[in-house]
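Scroll down for the structure; my scribbles are underneath it.
Chains: A, B, C, D and E, in written order; residue numbering restarts at 1 for each.
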Amino acid sequence: MKNQGNPYIPHTATIVDTWYETGGERCIKTFKVVFDDPAVRESWSHRPGQCAMIGVLGVGESMISISSSPTEEGYLRFSVMKAGKVTTALHQLEAGDKMTVRGPYGNSFPVEEWKGKKILTIGGGIGQAPLRPIVEYVKANMKDYAGLTMIYGARTSGDLCFKNEFAEAAKCEGVCCHLSIDVAEEGWPHYVGFVPSLLMEVSPSPENTIAITCGPPIMIRFVLENLKKLNFADEQIYTTLENRMKCGIGKCGRCNAGHLYVCKDGPVFSYAQLKNVPEAFA
Amino acid sequence: MTEKPKVGVYVCHCGINIAATVDVEAVTEYAKGLPNVVIARNYAYMCSDPGQLLIKEDIKEKGLNRVVVASCSPRMHEPTFRKALQEAGLNPYFLEMANIREQCSWVHEDREAATEKAKQLVAAAVSKARLLEPLTSREVDAEPSALVIGAGIAGIQAALDIADAGFKVYLVEKSPSVGGRMAQLDKTFPTLDCSACILTPKMVDAANHPNIELFTYSEVEEVSGYIGNFEVKVRKKARYVDVSKCTGCGACAKECRLAGRIPNEFDEGLGKRGAIYLPFPQAVPAKYTIDPEKCLFLTRGKCGKGPKCVEACPAGAIDFEQEDEIVSFRVGAILVATGFDVFDPTKKPEYGYADYPNVITGLEMERLVSASGPTGGNIVIHNGEEEIVPKDIAFIQCVGSRDKSVGNEYCSRVCCMYTAKQAHLVKDKIPDARVRVYYMDVRAFGKGFEEFYDRVRREGIRYVRGNPSEIFRRGNKLVIKVEDTLTATPLEDEVDLVVLAVGLEPRRDARKIIELLRLSQSPDRFFLEAHPKLRPVDTATDGVYLAGCCQGPKDIPDTVAQAKGAAASALIPLARGKVAIDAQVAEVNEATCRGCGFCVSICPYSAIELVTVNRMGHMVEVARVNEALCKGCGSCSAGCLSDSIQPRSFRDRQILPQIAALGGTR
Amino acid sequence: MSEQFEPNIVAFLCNWCSYAGADLAGTSRIQYPANIKVIRVMCSGRVNPLFVVNALQQGADGVLISGCHPGDCHYMEGNFYARRRLKLLKELLEYIGVDPRRFNMSWVSASEGHKWKEVVEKAVEDARAAGPFNQFRRRQIGW
Amino acid sequence: MSAMLLPKDKWPEFTGRLAGKNLFAPALQGGIKKFAPVAAGDTVTLDEGNTTVPPKALLFPQTETLFRFAEGEEGMELPAIDEAAVLLGVRPCDARAMAIVDKLFRWDYEDPYYLKRRELATIIGLACSEPCLNCFCTSVGGGPASTEGLDILMVDLGESYLLEGLTDKGQALLDEFKDLLQEAGADALQRKEQLAQEAAAKIKRSVDTAGIPEALPGLWEDPLWQRVSAACLGCGICTYLCPTCHCFDIQDEVEGAAGRRCRMWDSCMYAEYTKHTSGHNPRPTRRERTRNRINHKYSYYVDKFGVIACVGCGRCSNLCPVNIDLIDILRQVKAAP
Amino acid sequence: MDLNKLRETAAGIVSREDVKYLIGWRRGTFGYRVSPYFIEDAAGVEELIFSPLCISNLATYLTLVERLPVPRGQQPDERKVALLVKGCDSRAVNQLLVEKGINRDRVIVVGLPCPGMVDWKLLAEKYPETEAPVEMRWQGDDFLLVHNGQEIVVPRAEALAEKCRLCRHPNPVISDATVGEPVQPWEPAEDSGVGEIEAKSAPERWAYWEEQFSKCLRCYSCRNVCPLCYCEDCILDRLNPTWVNRAFNFSENTAFHLARAFHLAGRCIECGECERVCPAGIPLGRLNRKLAKTVREEYGFEPGLDAEGEPFQASYRPEDPEEFIL
């Protein structure tokens, strides 16, 4: 079914695989989906950092970052935390079930601009999902970048997403992984503490580096502070914003942080853009 | 983790009970098209082993996580299917039933309409099933004791059984003595045992049992709590006699100014007593009681120069200062054995009970033939002119039983046999008496009954099939007008004594017990058992059991059997020491609760309280449910303006989809 | 009228009295119209009056609520609350012009299988007389 | 493009014929004035004042179906928006609002529903002669005879109406009524100018909006926001009845196996509007929400689309039950340090 | 009304350290408008007024003000809030106390005996709103309007608000301080609004309310202004379960209004704010007053008269009416 140029009409996609990243009340489930319409499969393209409106007919839609990189072909990946009505309905879906997808929406990480630079990702909890495409993209194009460092933490080891992928990534040349959990657990070989502290521990050099952070607002606030301490310039720091959205295409009005429409002007912003937007971190 | 609901729908034929009226195939096919339904089947008897096996296998093989059984009432088989789910490893609360038998196939004739309705009921059940939540029932300690209300043979037997099993029993009897109706009887049918001889030892046992605390002349005043944890308050009425001092010598009764002037209830008013009295010689406890409604001193404040009983009592036991005493205790189970009242024959004025002293009830006859009765066992009656030994005696059966005109459609089950027994006794005591029994049908279904009936007839007692239409007086005789329906001959029978075989009725004060224990009545107004076949001693209130005639008319062996059954049931929570608390209790969403306290006001069980919590730095009050006290009625939730308190399994979000399904908008 | 209108009636019955009474009607094979569809709740006190509004909105032509007789409530007081709340709702519905025959409330005990039949027959007759209630139906999914 | 005169005695025929073209005109409905369909034979009276509900409700309905779907069916069904309509008696401010909102609905992704309706609608404006108490269109770039957003401007000259075709669509409509219309002379046009000036002079309330868009970012933490929002009830009156407010919610409704996704007006004054599912709300109080409302109109919109998203119709000031007065707020903004 | 006395009292209250602010009224920015006014210091009392235009019920602000998360390590501001109340408003305070919506220790109630308020919409037809705010005072039983510099006596019957015509409690029923002498309660008028509807046939009533509810804009001003609609998370906003769809149409609008009216049954203190604020002119007072009438006449209950009273819908009497039950 073509959307007839109507941006509100979603494509249907079939879930080919799902698994839980984390457990608990606000668990995170990853979906691998494939568009039903071959023409859509053919024409779809997205850039790392973009989002899509995914949903269930009869329930609604939710803006979710596309957590697969364009370099992963043939499917899209979404990692969804169960929170509200739509995400709960999504969590009930299994392989073989349908969901709806429209997009891609928003801007993306300026991967072309960043060529030749070292990439540093700093994630917390579900915040790693928007970072995953840049990680995968850089890994797939390692020759174009000067290195990849990943800092990632969650409350407990059970709350860490993409665990296996970190282990795999760490084996790659030029890739460095640092994991943390908030409270000590038996058998945990990595850092114990909050992500901003781990950042100071790792203490990356700002030299030719782009830092991208995503996670809970409180974490972002401290990460930004610490990056400044590490002498990262505003232009070297990127984050993605998330606000309540309905249309995803700049019409419905609610996602703005100051004059920025997160759905269209974002979700990727440099700190230089955001620092004077008082609502950005509200 | 949020599982996708995978619903299995099982439509039961119930033999032809459902299938004859509801097209079960069509319902099954329809169910297959409902959202989240993975499989729908139908089967002859879902509740049978193979039926349950179907469900269990599908749970395992198809990964079902919700089950809808469309069959009989959930009041019937919900526990059965919950157990099946549990056995298959599924949370038992993932079951929803559609009642397509009692509320569909059995009450509708139009197959098409019934089938359509069944479909909608299934759709509603599926829509709710999808949203059911797993619940875990918790266990709380059960108080290892029981309350038995009523110390007739049922109560005594049950109390003895529970006490013998090693548990404390509080046995509460309204009248001054235990014994109940059985103590009033002379002989028992069909064996002709002496009633008192077999009962008295049990009465004494009950009084002396170390595990039984006996409260006579006492009434249960208040019951709260729930199975395993009932709080009971008993009012020990003032006897005005210190039972610890009273030796039962009887000196007081002899001296009472009213001695021999008050009709004795035990003798059905045939005998007389004083204001201080022992109901009957074998009374247990053998302690005297002052009748506060009759005693001159208590009613008028004056009894001659002073109450004579006080003077007479060698033990100084009379105490006019005594007051009612409230005793509280906790029990894990409650057994109701409050017995029956006999039909009031004045409601059938054609029999002249109110007019003629020689028309008496069967129970009065018991006292008349009893050696311990007012006449010492001699059958002497007053015919309005003189005391005589009756020679022409008629028994009329079914007085107040099987009689729609007085509101009793049921058979009282004992009258045929007690009439036969009394006829036999009359014949025994007055060998030349002519005895007729007017009957419509004789029911002699019990062990030895038919044989006894046969024996009585062979003793020369005439059974005349007919329903007397009138009794009137002619000279010093009573005339019974009746048609012998076997020969279609109108008769007029002149007799000296008419014995009305009055039926059994619920206690006139049964209402009190109903309100106290939240019991229901069956159409006959006796207490309603949880299930007429399978749970005959249980009630709708968990932890409350029925024994004896309070549940329906029955003879002594049946009463004793039921008492033993009820005792065994009551012993289950006591012996386990734990009871499961229903998981379907209310739950508060503290994030939205306004702390208005409406639910606190509403809750009949005081199960909700307001507690202070920290909501993002603000100390606010919110409601909190004590799950052990909550019974899951949900009244709180309908009164909550923010829908913050919801009974599990009956939440708004589970009921609204049912409404949509039944409304047709699913 | 060639064909008689068959109203759709949603009923809320308390588990202990009215639902049991309806079950008794079943075991006694007392016949009554199939228009009535029952939702079992534990107590009539559970019936949020807004259920009635919702049922009328979602396709019911009539709503019936039945509980234990006063004093007989399995939960002691639930039916008293139901009585108060539903009286107010009834007043409100009538006031906005909902035909009063669309809403009935009854006390039916566990032993009143016959009364249940009578109540159902009345509710069905009432709703039939009031006719289809389309004006308030949640708007058919349309444009 | 032509300027024509419609003698008032031809008015009933004019509106009668327009009625066949799916005509909407201001009418009292249950005591509330809004644009309502005009049936053949209805008389259309254009009196003073404006409708309570702005005509945006016709182009951007309060609830509209985006598409329908059904369980087990492939694809979605779109509503057919294919009926042309004529809106008669739209005030210049409300028409300007359409022109302003057009920008948003055309921005990057075209909104097919709004734009299709817009395309199918011919807007006949009515110049104001008696501004209402809270009209301040002239403060925000409009005027009593502003033509922006209109296809035809109509001016009441007393004896007749002056009808000016402003767009091809408008002109085409006028052409259909040639038989009723006469060519307007220069005097008529002069009279129109004069009336517009007179009307503008009657405007009682005004505020100098120059510099406000630039000033607002600097007033982010100013105490004025607390002051002006303290009495706010957080209701949707000011936004729902604002001709430029365009925010919406999207919800799915299901009935049986069928369902629809629809959108409906939403208001930035509601707490839910920005509330995350986590419970976190980036605009937690009425202060932030009021600030956003003013900023959105007077700063963000200017930033994005180069125009103030307020046409000075005065509805928000008029209808606020607690006297939160936009004109007063703007004056306070101007006065703030 | 001695405004100086009122301002003096107010100044005394807001000067206290344990008082956050006093909520009163001040002249609006134009016409007949009056604005709720939050006074934090003694200087602010100069603008405080109490006039026949002060119709709004300020009690709603006791619960409307958001409770923001308190940052870790900080204490919430627990200072008292002072509030000016008329008779009807004071009943809202009582009802809030009954349902623990407010804490008695945190409110200072300043009672103002109320001679009756003006419905400015009635006035505006004759004396249009002006750019400058108008002034009004009580003069005897009537009102004195200062309009375009002219003093006009407006007879009471011409401008008295409907809720005031029906008022049974013009004097505050709860207060910590009272300014002004108690007024002599007047005979409440027959509720012709409710009576008119009651007199209609069922289809006529339906037609009436269908027209009314159809024009509802669902702006929620009626709910938000109501001092007794203060759930932080109103069930009518909720999506799971959905009681009322967000879509605007007659069915959903009606469900919304029925739910709102029902939730206020036995709680509504008849301040009339819902009707006053409705931009669509829906006579919501007639809805609420009908239920209030039932509650009063059939149950002998009037909410908001006793802060210690019981909540109507969370209580019962065994002898409650049940003639409607089969």
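A few notes on this one:
As a convention for this text, a contact is a pair of C-beta atoms (placed from the backbone, for glycine too) under 8 Å apart; a residue touches a chain by one contact, two chains touch by 3 or more.
Since the structure is predicted, the reported quantities are computational estimates derived from the model, not experimental observations.
Chain pair with the most C-beta contact pairs: B-C.
Chain centres defined as mean CA positions place C nearest to the mean of all protein CA atoms. Centre to centre, using the average C-alpha position, chain B and chain C are separated by 30 Å. Measuring from the averaged C-alpha position of chain C to that of chain E gives a distance of 36 Å. With centres set at the average Cα position, the gap from chain A to chain D is 39 Å.
As a whole-number value, the distance joining the C-alpha centres of chain C and chain D reads 47 Å.
Across the assembly, chain C contributes 49, 54, 57, 71, 77, 81, 85, 138 as residues in contact with two or more other chains.
Residues of chain D in contact with two or more other chains: 71, 249, 251, 253-255, 259. The residues of chain E that reach two or more other chains are 68, 239-240, 243, 245, 247, 249, 313-314, listed in rising order. Residues 20, 23, 27, 82, 88, 91-94, 97 of chain A are the ones touching chain B in the complex.
Looking at the complex, you find that chain B touches chain C at residues 73-76, 99, 101-104, 106-110, 113-114, 116-117, 120-121, 124, 511, 514-515, 518, 520-525, 528, 540-541, 584, 602, 604-605, 631-635, 637-639, 647, 650, 652, 655-656, 658-660, 662-665. Remark: chain B residues 35, 591, 664-666 touch chain D in the complex. On the side of chain B, the complex with chain E involves touching residues 591-592, 594-599, 601-602, 610, 615-619, 621, 639, 641-643, 652-653, 656-657. Residues of chain C touching chain E in their complex: 49-50, 53-54, 57, 70-71, 77, 80-81, 83-85, 87-100, 104-107, 118-119, 122, 135-139.
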